[in-house]
Amino acid sequence: MKSSVRVRFFATAREAMGAASVDREVPASGSTIGAVLSGLAEEHPRLKPVLKGSRFVRNGRYVGGPRARVAPGDEIGVHPPYSGG
Amino acid sequence: MKSSVRVRFFATAREAMGAASVDREVPASGSTIGAVLSGLAEEHPRLKPVLKGSRFVRNGRYVGGPRARVAPGDEIGVHPPYSGG
Amino acid sequence: MTCEISSRPLSLSRVERHLGDPASGAVVFFIGRVRRESAGGRRTAALDYETDRAVVLARLRDLERQALRRFGARRVFLVHRVGRVRVGDASVIIGVAAPHRAMAFRAARFLIEELKREVPIWKSDRWARAPAGHRRRTRPRPRGARSPG
Amino acid sequence: MTCEISSRPLSLSRVERHLGDPASGAVVFFIGRVRRESAGGRRTAALDYETDRAVVLARLRDLERQALRRFGARRVFLVHRVGRVRVGDASVIIGVAAPHRAMAFRAARFLIEELKREVPIWKSDRWARAPAGHRRRTRPRPRGARSPG
(Lines give C-alpha, C1' and ligand atoms only; values in the text may rest on other atoms or scores of the structure.)
Protein backbone atom coordinates (compact mmCIF):
# COMPACT_ATOMS: atom_id res chain seq x y z
CA MET A 1 0.00 0.00 0.00
CA LYS A 2 1.26 3.43 -0.93
CA SER A 3 1.46 5.98 1.81
CA SER A 4 2.43 8.98 -0.35
CA VAL A 5 1.20 11.22 -3.14
CA ARG A 6 3.33 12.07 -6.14
CA VAL A 7 3.52 15.78 -6.98
CA ARG A 8 4.58 16.67 -10.51
CA PHE A 9 5.98 20.10 -11.38
CA PHE A 10 5.96 21.81 -14.76
CA ALA A 11 7.83 24.75 -16.26
CA THR A 12 8.63 27.39 -13.60
CA ALA A 13 7.33 25.12 -10.84
CA ARG A 14 9.86 22.49 -11.84
CA GLU A 15 12.64 25.05 -11.87
CA ALA A 16 11.65 26.37 -8.47
CA MET A 17 11.70 22.83 -7.11
CA GLY A 18 14.75 21.68 -9.03
CA ALA A 19 12.84 18.47 -9.69
CA ALA A 20 10.12 17.22 -12.02
CA SER A 21 8.35 15.33 -9.24
CA VAL A 22 8.54 14.48 -5.56
CA ASP A 23 6.73 11.92 -3.43
CA ARG A 24 5.19 13.22 -0.24
CA GLU A 25 3.87 11.19 2.67
CA VAL A 26 0.24 11.74 3.58
CA PRO A 27 -1.85 10.18 6.36
CA ALA A 28 -3.84 7.10 5.40
CA SER A 29 -6.95 9.21 6.08
CA GLY A 30 -5.85 11.62 3.34
CA SER A 31 -4.97 15.30 3.29
CA THR A 32 -5.61 18.35 1.11
CA ILE A 33 -3.68 19.64 -1.89
CA GLY A 34 -3.13 22.89 -0.01
CA ALA A 35 -1.54 21.11 2.95
CA VAL A 36 0.75 19.01 0.76
CA LEU A 37 1.94 22.00 -1.30
CA SER A 38 2.32 24.31 1.73
CA GLY A 39 4.63 21.75 3.25
CA LEU A 40 6.71 21.70 0.06
CA ALA A 41 6.75 25.49 -0.20
CA GLU A 42 8.19 25.77 3.32
CA GLU A 43 11.10 23.58 2.31
CA HIS A 44 11.43 25.26 -1.13
CA PRO A 45 10.70 29.00 -0.70
CA ARG A 46 11.02 29.66 -4.45
CA LEU A 47 7.98 27.47 -5.01
CA LYS A 48 5.65 29.73 -3.02
CA PRO A 49 5.15 32.55 -5.58
CA VAL A 50 4.77 30.02 -8.38
CA LEU A 51 1.95 28.25 -6.54
CA LYS A 52 -0.03 31.49 -6.34
CA GLY A 53 -0.55 31.66 -10.10
CA SER A 54 -0.87 27.92 -10.67
CA ARG A 55 -3.71 25.52 -11.32
CA PHE A 56 -3.73 22.07 -9.78
CA VAL A 57 -4.62 18.70 -11.19
CA ARG A 58 -5.41 15.54 -9.27
CA ASN A 59 -5.36 12.25 -11.15
CA GLY A 60 -5.90 13.97 -14.48
CA ARG A 61 -8.63 16.41 -13.41
CA TYR A 62 -8.48 20.00 -12.33
CA VAL A 63 -9.36 20.59 -8.70
CA GLY A 64 -11.42 23.48 -7.39
CA GLY A 65 -8.87 24.82 -4.96
CA PRO A 66 -6.37 24.03 -2.20
CA ARG A 67 -9.01 22.34 -0.02
CA ALA A 68 -9.40 19.50 -2.51
CA ARG A 69 -8.76 16.14 -0.80
CA VAL A 70 -5.89 13.87 -1.73
CA ALA A 71 -5.38 10.27 -0.71
CA PRO A 72 -2.30 8.06 -0.76
CA GLY A 73 -1.50 6.98 -4.31
CA ASP A 74 -2.89 10.15 -5.90
CA GLU A 75 -0.90 12.12 -8.45
CA ILE A 76 -0.96 15.92 -8.23
CA GLY A 77 0.11 18.25 -11.03
CA VAL A 78 1.24 21.85 -10.45
CA HIS A 79 0.50 23.97 -13.55
CA PRO A 80 1.97 27.48 -13.78
CA PRO A 81 0.32 29.74 -16.40
CA TYR A 82 0.29 28.11 -19.80
CA SER A 83 2.41 29.36 -22.67
CA GLY A 84 1.76 26.99 -25.56
CA GLY A 85 1.01 27.92 -29.11
CA MET B 1 -5.98 49.95 -89.65
CA LYS B 2 -8.70 48.74 -87.34
CA SER B 3 -11.91 50.67 -87.33
CA SER B 4 -13.63 48.82 -84.49
CA VAL B 5 -13.38 48.11 -80.77
CA ARG B 6 -13.77 44.63 -79.34
CA VAL B 7 -16.22 44.34 -76.43
CA ARG B 8 -15.83 41.30 -74.20
CA PHE B 9 -18.70 40.08 -72.03
CA PHE B 10 -18.45 38.04 -68.85
CA ALA B 11 -20.90 35.96 -66.83
CA THR B 12 -24.43 37.44 -67.00
CA ALA B 13 -23.34 39.99 -69.60
CA ARG B 14 -22.23 37.15 -71.89
CA GLU B 15 -25.53 35.37 -71.38
CA ALA B 16 -27.51 38.52 -72.10
CA MET B 17 -25.53 39.00 -75.32
CA GLY B 18 -25.39 35.35 -76.26
CA ALA B 19 -21.75 35.95 -77.17
CA ALA B 20 -18.41 36.26 -75.38
CA SER B 21 -17.36 39.21 -77.52
CA VAL B 22 -18.46 41.44 -80.38
CA ASP B 23 -16.60 43.91 -82.57
CA ARG B 24 -18.19 47.32 -82.94
CA GLU B 25 -17.36 50.01 -85.46
CA VAL B 26 -16.29 53.36 -84.02
CA PRO B 27 -15.30 56.59 -85.80
CA ALA B 28 -11.59 57.06 -86.40
CA SER B 29 -11.85 60.05 -84.03
CA GLY B 30 -12.98 57.67 -81.28
CA SER B 31 -16.11 57.39 -79.17
CA THR B 32 -17.06 56.74 -75.53
CA ILE B 33 -17.65 53.48 -73.74
CA GLY B 34 -21.17 54.67 -72.94
CA ALA B 35 -21.97 55.27 -76.61
CA VAL B 36 -20.64 51.90 -77.69
CA LEU B 37 -22.52 49.99 -75.01
CA SER B 38 -25.77 51.96 -75.45
CA GLY B 39 -25.74 50.98 -79.09
CA LEU B 40 -25.34 47.33 -78.15
CA ALA B 41 -28.04 47.54 -75.47
CA GLU B 42 -30.54 48.85 -78.03
CA GLU B 43 -29.97 45.80 -80.17
CA HIS B 44 -29.83 43.46 -77.16
CA PRO B 45 -32.40 44.67 -74.59
CA ARG B 46 -31.39 41.99 -72.04
CA LEU B 47 -27.99 43.65 -71.81
CA LYS B 48 -29.37 46.91 -70.45
CA PRO B 49 -30.04 45.89 -66.82
CA VAL B 50 -26.74 44.04 -66.68
CA LEU B 51 -24.80 47.15 -67.71
CA LYS B 52 -26.27 49.09 -64.78
CA GLY B 53 -24.47 47.01 -62.18
CA SER B 54 -21.30 46.47 -64.22
CA ARG B 55 -17.79 47.86 -64.14
CA PHE B 56 -15.92 48.51 -67.36
CA VAL B 57 -12.34 47.85 -68.36
CA ARG B 58 -10.45 49.38 -71.28
CA ASN B 59 -7.22 47.74 -72.35
CA GLY B 60 -6.73 46.09 -68.97
CA ARG B 61 -7.62 49.09 -66.79
CA TYR B 62 -10.82 50.10 -65.08
CA VAL B 63 -12.41 53.24 -66.47
CA GLY B 64 -14.10 55.92 -64.41
CA GLY B 65 -17.48 55.83 -66.15
CA PRO B 66 -19.39 55.73 -69.42
CA ARG B 67 -17.79 58.94 -70.67
CA ALA B 68 -14.38 57.28 -70.91
CA ARG B 69 -12.97 57.56 -74.45
CA VAL B 70 -12.35 54.59 -76.70
CA ALA B 71 -10.41 54.48 -79.94
CA PRO B 72 -10.35 51.94 -82.77
CA GLY B 73 -8.37 48.87 -81.70
CA ASP B 74 -9.29 49.17 -78.01
CA GLU B 75 -10.60 46.23 -76.05
CA ILE B 76 -13.46 46.83 -73.63
CA GLY B 77 -14.50 44.43 -70.87
CA VAL B 78 -17.98 44.38 -69.30
CA HIS B 79 -17.80 43.11 -65.71
CA PRO B 80 -21.02 42.25 -63.90
CA PRO B 81 -20.69 41.97 -60.09
CA TYR B 82 -17.96 39.54 -59.12
CA SER B 83 -18.69 36.20 -57.49
CA GLY B 84 -15.35 34.50 -57.05
CA GLY B 85 -14.04 32.76 -53.96
CA MET C 1 4.76 34.82 -58.60
CA THR C 2 2.59 34.95 -55.52
CA CYS C 3 -0.73 35.51 -57.31
CA GLU C 4 -1.97 32.88 -59.69
CA ILE C 5 -4.94 31.83 -61.75
CA SER C 6 -4.88 28.12 -62.37
CA SER C 7 -7.01 25.66 -64.28
CA ARG C 8 -5.48 22.74 -62.38
CA PRO C 9 -6.25 21.46 -58.88
CA LEU C 10 -4.82 23.73 -56.20
CA SER C 11 -2.14 22.50 -53.84
CA LEU C 12 -1.97 23.66 -50.25
CA SER C 13 1.59 22.45 -49.81
CA ARG C 14 2.67 24.52 -52.79
CA VAL C 15 1.21 27.61 -51.12
CA GLU C 16 2.86 26.62 -47.83
CA ARG C 17 6.28 26.48 -49.47
CA HIS C 18 5.96 30.15 -50.44
CA LEU C 19 5.36 31.24 -46.87
CA GLY C 20 8.63 30.24 -45.23
CA ASP C 21 10.00 33.18 -43.27
CA PRO C 22 11.87 32.91 -39.98
CA ALA C 23 10.42 36.22 -38.73
CA SER C 24 6.81 35.08 -39.20
CA GLY C 25 5.45 33.29 -36.16
CA ALA C 26 1.96 32.91 -37.60
CA VAL C 27 0.56 31.54 -40.83
CA VAL C 28 -3.12 31.53 -41.73
CA PHE C 29 -4.56 29.74 -44.73
CA PHE C 30 -8.02 30.14 -46.10
CA ILE C 31 -9.33 27.52 -48.50
CA GLY C 32 -12.61 28.04 -50.30
CA ARG C 33 -14.07 24.76 -51.50
CA VAL C 34 -17.02 23.97 -53.69
CA ARG C 35 -19.59 22.56 -51.37
CA ARG C 36 -22.45 20.22 -51.94
CA GLU C 37 -25.75 22.04 -51.98
CA SER C 38 -29.26 21.05 -52.92
CA ALA C 39 -32.01 23.28 -54.25
CA GLY C 40 -35.36 22.14 -55.61
CA GLY C 41 -34.22 18.55 -55.75
CA ARG C 42 -31.13 19.44 -57.74
CA ARG C 43 -27.66 19.09 -56.35
CA THR C 44 -24.50 21.06 -57.15
CA ALA C 45 -22.10 18.89 -59.11
CA ALA C 46 -19.50 21.57 -59.76
CA LEU C 47 -18.96 25.28 -60.21
CA ASP C 48 -17.59 26.85 -63.36
CA TYR C 49 -15.29 29.79 -62.75
CA GLU C 50 -14.36 32.35 -65.38
CA THR C 51 -12.18 35.42 -65.20
CA ASP C 52 -11.00 38.38 -67.23
CA ARG C 53 -7.38 37.51 -67.75
CA ALA C 54 -6.59 41.05 -68.90
CA VAL C 55 -7.17 42.36 -65.36
CA VAL C 56 -7.28 39.60 -62.81
CA LEU C 57 -3.60 39.24 -61.90
CA ALA C 58 -3.11 42.96 -61.47
CA ARG C 59 -6.13 43.01 -59.15
CA LEU C 60 -4.83 40.12 -57.09
CA ARG C 61 -1.40 41.74 -56.80
CA ASP C 62 -3.01 44.93 -55.64
CA LEU C 63 -4.74 43.02 -52.84
CA GLU C 64 -1.46 41.37 -51.94
CA ARG C 65 0.24 44.75 -51.63
CA GLN C 66 -2.55 46.03 -49.40
CA ALA C 67 -2.23 43.01 -47.10
CA LEU C 68 1.50 43.53 -46.80
CA ARG C 69 1.15 47.23 -46.11
CA ARG C 70 -1.99 47.48 -44.00
CA PHE C 71 -1.71 44.36 -41.88
CA GLY C 72 2.03 43.90 -41.48
CA ALA C 73 1.93 40.59 -43.34
CA ARG C 74 5.35 39.48 -44.55
CA ARG C 75 4.33 36.89 -47.17
CA VAL C 76 1.11 36.45 -49.09
CA PHE C 77 0.09 33.85 -51.61
CA LEU C 78 -3.18 33.90 -53.54
CA VAL C 79 -4.31 31.34 -56.08
CA HIS C 80 -7.75 31.00 -57.66
CA ARG C 81 -8.99 28.27 -59.89
CA VAL C 82 -10.79 28.76 -63.19
CA GLY C 83 -12.78 26.31 -65.24
CA ARG C 84 -14.84 23.51 -63.74
CA VAL C 85 -14.28 22.79 -60.04
CA ARG C 86 -15.98 19.77 -58.53
CA VAL C 87 -17.64 19.53 -55.13
CA GLY C 88 -14.97 19.14 -52.44
CA ASP C 89 -12.22 20.72 -54.51
CA ALA C 90 -10.62 24.05 -53.66
CA SER C 91 -11.59 27.08 -55.71
CA VAL C 92 -9.28 29.46 -53.89
CA ILE C 93 -6.35 29.27 -51.48
CA ILE C 94 -5.02 32.28 -49.61
CA GLY C 95 -1.96 32.05 -47.37
CA VAL C 96 -0.54 34.77 -45.15
CA ALA C 97 2.61 34.72 -43.01
CA ALA C 98 3.01 37.46 -40.41
CA PRO C 99 4.98 38.05 -37.24
CA HIS C 100 1.87 37.70 -35.04
CA ARG C 101 -1.36 35.81 -35.34
CA ALA C 102 -3.72 38.77 -35.15
CA MET C 103 -2.09 40.24 -38.27
CA ALA C 104 -2.24 36.95 -40.13
CA PHE C 105 -5.91 36.35 -39.31
CA ARG C 106 -6.90 39.89 -40.22
CA ALA C 107 -4.97 39.87 -43.48
CA ALA C 108 -6.38 36.51 -44.58
CA ARG C 109 -9.93 37.60 -43.83
CA PHE C 110 -9.41 40.89 -45.63
CA LEU C 111 -8.03 39.10 -48.67
CA ILE C 112 -10.93 36.71 -49.13
CA GLU C 113 -13.53 39.44 -48.58
CA GLU C 114 -11.84 41.77 -51.06
CA LEU C 115 -11.24 38.99 -53.53
CA LYS C 116 -14.97 38.29 -53.65
CA ARG C 117 -15.80 41.97 -54.12
CA GLU C 118 -12.96 43.39 -56.16
CA VAL C 119 -11.48 40.70 -58.37
CA PRO C 120 -13.00 39.83 -61.77
CA ILE C 121 -13.89 36.21 -61.18
CA TRP C 122 -17.36 34.78 -61.71
CA LYS C 123 -18.86 31.44 -60.86
CA SER C 124 -21.83 29.60 -62.25
CA ASP C 125 -23.40 26.42 -60.94
CA ARG C 126 -23.44 23.08 -62.64
CA TRP C 127 -26.27 20.98 -61.35
CA ALA C 128 -26.45 17.23 -61.37
CA ARG C 129 -29.25 14.75 -60.93
CA ALA C 130 -32.75 16.09 -61.28
CA PRO C 131 -35.40 15.08 -58.73
CA ALA C 132 -36.22 11.37 -58.73
CA GLY C 133 -38.09 10.46 -61.91
CA HIS C 134 -36.70 13.30 -64.00
CA ARG C 135 -33.85 12.86 -66.39
CA ARG C 136 -30.35 13.88 -65.54
CA ARG C 137 -29.34 17.32 -66.73
CA THR C 138 -26.51 19.72 -66.42
CA ARG C 139 -27.09 23.38 -66.99
CA PRO C 140 -25.61 26.65 -65.83
CA ARG C 141 -27.26 28.86 -63.22
CA PRO C 142 -25.08 31.93 -63.15
CA ARG C 143 -26.50 33.91 -60.24
CA GLY C 144 -26.62 31.00 -57.81
CA ALA C 145 -27.70 31.89 -54.29
CA ARG C 146 -24.91 29.84 -52.84
CA SER C 147 -21.27 30.63 -52.78
CA PRO C 148 -18.62 28.48 -51.18
CA GLY C 149 -17.05 29.86 -48.04
CA MET D 1 -8.00 11.17 -33.35
CA THR D 2 -8.37 14.84 -34.13
CA CYS D 3 -6.32 16.15 -31.21
CA GLU D 4 -2.70 15.19 -30.98
CA ILE D 5 0.51 15.90 -29.13
CA SER D 6 3.50 15.04 -31.26
CA SER D 7 7.24 15.06 -30.79
CA ARG D 8 7.77 14.87 -34.57
CA PRO D 9 7.55 17.65 -37.19
CA LEU D 10 3.96 18.62 -37.92
CA SER D 11 2.45 18.07 -41.34
CA LEU D 12 -0.08 20.46 -42.81
CA SER D 13 -1.20 17.98 -45.45
CA ARG D 14 -1.95 15.43 -42.73
CA VAL D 15 -4.23 17.96 -41.04
CA GLU D 16 -5.79 18.83 -44.40
CA ARG D 17 -6.71 15.19 -45.03
CA HIS D 18 -8.80 15.19 -41.86
CA LEU D 19 -10.89 18.13 -43.01
CA GLY D 20 -12.54 16.69 -46.09
CA ASP D 21 -16.28 17.32 -45.93
CA PRO D 22 -18.50 18.10 -48.92
CA ALA D 23 -20.75 20.36 -46.82
CA SER D 24 -17.87 22.59 -45.72
CA GLY D 25 -17.18 25.43 -48.13
CA ALA D 26 -14.49 27.01 -45.97
CA VAL D 27 -11.34 25.73 -44.32
CA VAL D 28 -9.07 27.85 -42.16
CA PHE D 29 -5.69 26.71 -40.90
CA PHE D 30 -3.61 28.40 -38.29
CA ILE D 31 0.06 27.47 -38.02
CA GLY D 32 2.14 28.76 -35.14
CA ARG D 33 5.84 28.69 -35.95
CA VAL D 34 8.90 29.32 -33.85
CA ARG D 35 10.23 32.60 -35.03
CA ARG D 36 13.67 34.09 -34.99
CA GLU D 37 14.02 36.68 -32.29
CA SER D 38 16.95 38.54 -30.82
CA ALA D 39 17.27 39.91 -27.31
CA GLY D 40 20.41 41.34 -25.74
CA GLY D 41 22.56 40.03 -28.54
CA ARG D 42 21.21 36.53 -28.17
CA ARG D 43 19.10 34.83 -30.77
CA THR D 44 16.42 32.19 -30.40
CA ALA D 45 17.66 28.87 -31.72
CA ALA D 46 14.63 26.84 -30.70
CA LEU D 47 11.80 26.53 -28.22
CA ASP D 48 11.35 23.60 -25.89
CA TYR D 49 7.73 22.63 -25.31
CA GLU D 50 6.54 20.48 -22.44
CA THR D 51 3.08 19.33 -21.45
CA ASP D 52 1.20 17.43 -18.79
CA ARG D 53 0.23 14.32 -20.68
CA ALA D 54 -2.27 13.36 -17.99
CA VAL D 55 -4.53 16.27 -18.95
CA VAL D 56 -3.57 17.77 -22.28
CA LEU D 57 -5.57 15.62 -24.69
CA ALA D 58 -8.76 15.95 -22.68
CA ARG D 59 -8.29 19.72 -22.70
CA LEU D 60 -7.74 19.82 -26.46
CA ARG D 61 -10.79 17.66 -27.06
CA ASP D 62 -12.84 19.98 -24.93
CA LEU D 63 -11.78 22.91 -27.13
CA GLU D 64 -12.64 20.90 -30.21
CA ARG D 65 -16.14 20.22 -28.88
CA GLN D 66 -16.63 23.90 -28.14
CA ALA D 67 -15.60 24.87 -31.67
CA LEU D 68 -18.02 22.37 -33.16
CA ARG D 69 -20.88 23.49 -30.95
CA ARG D 70 -20.40 27.25 -30.65
CA PHE D 71 -19.19 28.11 -34.15
CA GLY D 72 -20.91 25.56 -36.34
CA ALA D 73 -17.62 24.04 -37.39
CA ARG D 74 -17.99 20.59 -38.92
CA ARG D 75 -14.41 19.31 -38.65
CA VAL D 76 -11.60 20.37 -36.35
CA PHE D 77 -8.04 19.16 -36.11
CA LEU D 78 -5.55 20.31 -33.46
CA VAL D 79 -1.97 19.15 -33.15
CA HIS D 80 0.74 20.62 -30.90
CA ARG D 81 4.36 19.73 -30.84
CA VAL D 82 6.39 18.92 -27.72
CA GLY D 83 10.14 18.75 -27.23
CA ARG D 84 12.58 20.96 -29.09
CA VAL D 85 11.18 22.92 -32.03
CA ARG D 86 13.61 24.85 -34.20
CA VAL D 87 13.12 28.31 -35.68
CA GLY D 88 10.87 28.08 -38.74
CA ASP D 89 9.21 24.85 -37.65
CA ALA D 90 5.56 24.61 -36.65
CA SER D 91 4.73 24.30 -32.97
CA VAL D 92 0.99 24.07 -33.51
CA ILE D 93 -1.44 23.50 -36.38
CA ILE D 94 -5.15 24.08 -36.09
CA GLY D 95 -7.53 23.29 -38.93
CA VAL D 96 -11.25 24.02 -39.10
CA ALA D 97 -13.76 23.13 -41.81
CA ALA D 98 -17.14 24.86 -41.72
CA PRO D 99 -20.00 25.59 -44.11
CA HIS D 100 -19.13 29.31 -44.29
CA ARG D 101 -15.94 31.28 -43.93
CA ALA D 102 -17.00 33.47 -41.01
CA MET D 103 -17.54 30.36 -38.91
CA ALA D 104 -14.22 28.86 -39.90
CA PHE D 105 -12.26 32.05 -39.16
CA ARG D 106 -13.97 32.55 -35.81
CA ALA D 107 -13.50 28.96 -34.73
CA ALA D 108 -9.81 28.90 -35.69
CA ARG D 109 -9.14 32.15 -33.84
CA PHE D 110 -11.04 30.91 -30.80
CA LEU D 111 -9.06 27.69 -30.77
CA ILE D 112 -5.62 29.25 -30.81
CA GLU D 113 -6.55 31.84 -28.16
CA GLU D 114 -8.05 29.20 -25.88
CA LEU D 115 -5.20 26.80 -26.51
CA LYS D 116 -2.74 29.40 -25.25
CA ARG D 117 -4.81 30.10 -22.14
CA GLU D 118 -6.40 26.82 -21.21
CA VAL D 119 -4.20 23.95 -22.35
CA PRO D 120 -1.29 22.71 -20.21
CA ILE D 121 1.59 23.36 -22.59
CA TRP D 122 4.64 25.41 -21.68
CA LYS D 123 7.49 26.72 -23.75
CA SER D 124 10.98 27.80 -22.83
CA ASP D 125 13.55 29.47 -25.08
CA ARG D 126 16.78 27.98 -26.25
CA TRP D 127 19.22 30.70 -27.16
CA ALA D 128 22.11 30.40 -29.55
CA ARG D 129 25.15 32.52 -30.17
CA ALA D 130 26.12 34.97 -27.47
CA PRO D 131 27.06 38.54 -28.44
CA ALA D 132 30.25 38.80 -30.49
CA GLY D 133 33.27 38.02 -28.32
CA HIS D 134 31.35 35.86 -25.86
CA ARG D 135 31.34 32.14 -26.04
CA ARG D 136 28.46 30.20 -27.46
CA ARG D 137 25.92 29.00 -24.95
CA THR D 138 22.56 27.40 -24.86
CA ARG D 139 20.40 27.80 -21.82
CA PRO D 140 16.74 27.84 -21.00
CA ARG D 141 14.81 31.03 -20.34
CA PRO D 142 11.39 29.80 -19.38
CA ARG D 143 9.35 33.01 -19.19
CA GLY D 144 10.49 34.43 -22.49
CA ALA D 145 8.86 37.66 -23.55
CA ARG D 146 8.32 36.34 -27.02
CA SER D 147 5.83 33.78 -28.10
CA PRO D 148 5.33 32.63 -31.64
CA GLY D 149 2.10 33.70 -33.25
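The chains carry the letters A, B, C and D, assigned in the order they are written, with residues numbered from 1 in each.
Throughout what follows, a contact is a pair of C-beta atoms (placed from the backbone, for glycine too) under 8 Å apart; a residue touches a chain by one contact, two chains touch by 3 or more.
Just so it is clear, the structure is predicted and the values come from calculations on it, not from any experiment.
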So which chains count as neighbours of both chain B and chain C?
-> none
Chain A-chain D separation of Cα centroids, rounded to whole Å = 27
Per the centroid of Cα atoms for each chain, what is the distance between chain C and chain D, given in Å?
-> 25
Give, as an integer number of Å, the spacing between the C-alpha centres of chain B and chain A.
-> 75
Measuring from the mean C-alpha position of chain B to the mean C-alpha position of chain D, what distance in angstrom results?
-> 50
Set of chain C residues in contact with two or more other chains = 32, 112, 147-149
Touching two or more other chains - residue numbers and ranges from chain A = none
Check the chains against each other and report every pair that touches.
-> A-D, B-C, C-D
Touch list for chain B against partner chain C, complex | 8, 10-12, 15, 57, 59-62, 75, 77, 79-80, 82-85
What residues of chain D sit close enough to touch chain A in their complex?
-> 32, 49-52, 54-55, 58, 80, 91-92, 112, 115-124, 142-143, 147-149
Which bits of chain D are touching chain C when the two form their complex?
-> 12-13, 16, 20, 22-36, 87-88, 99-101, 104-105, 108-109, 112, 147-149
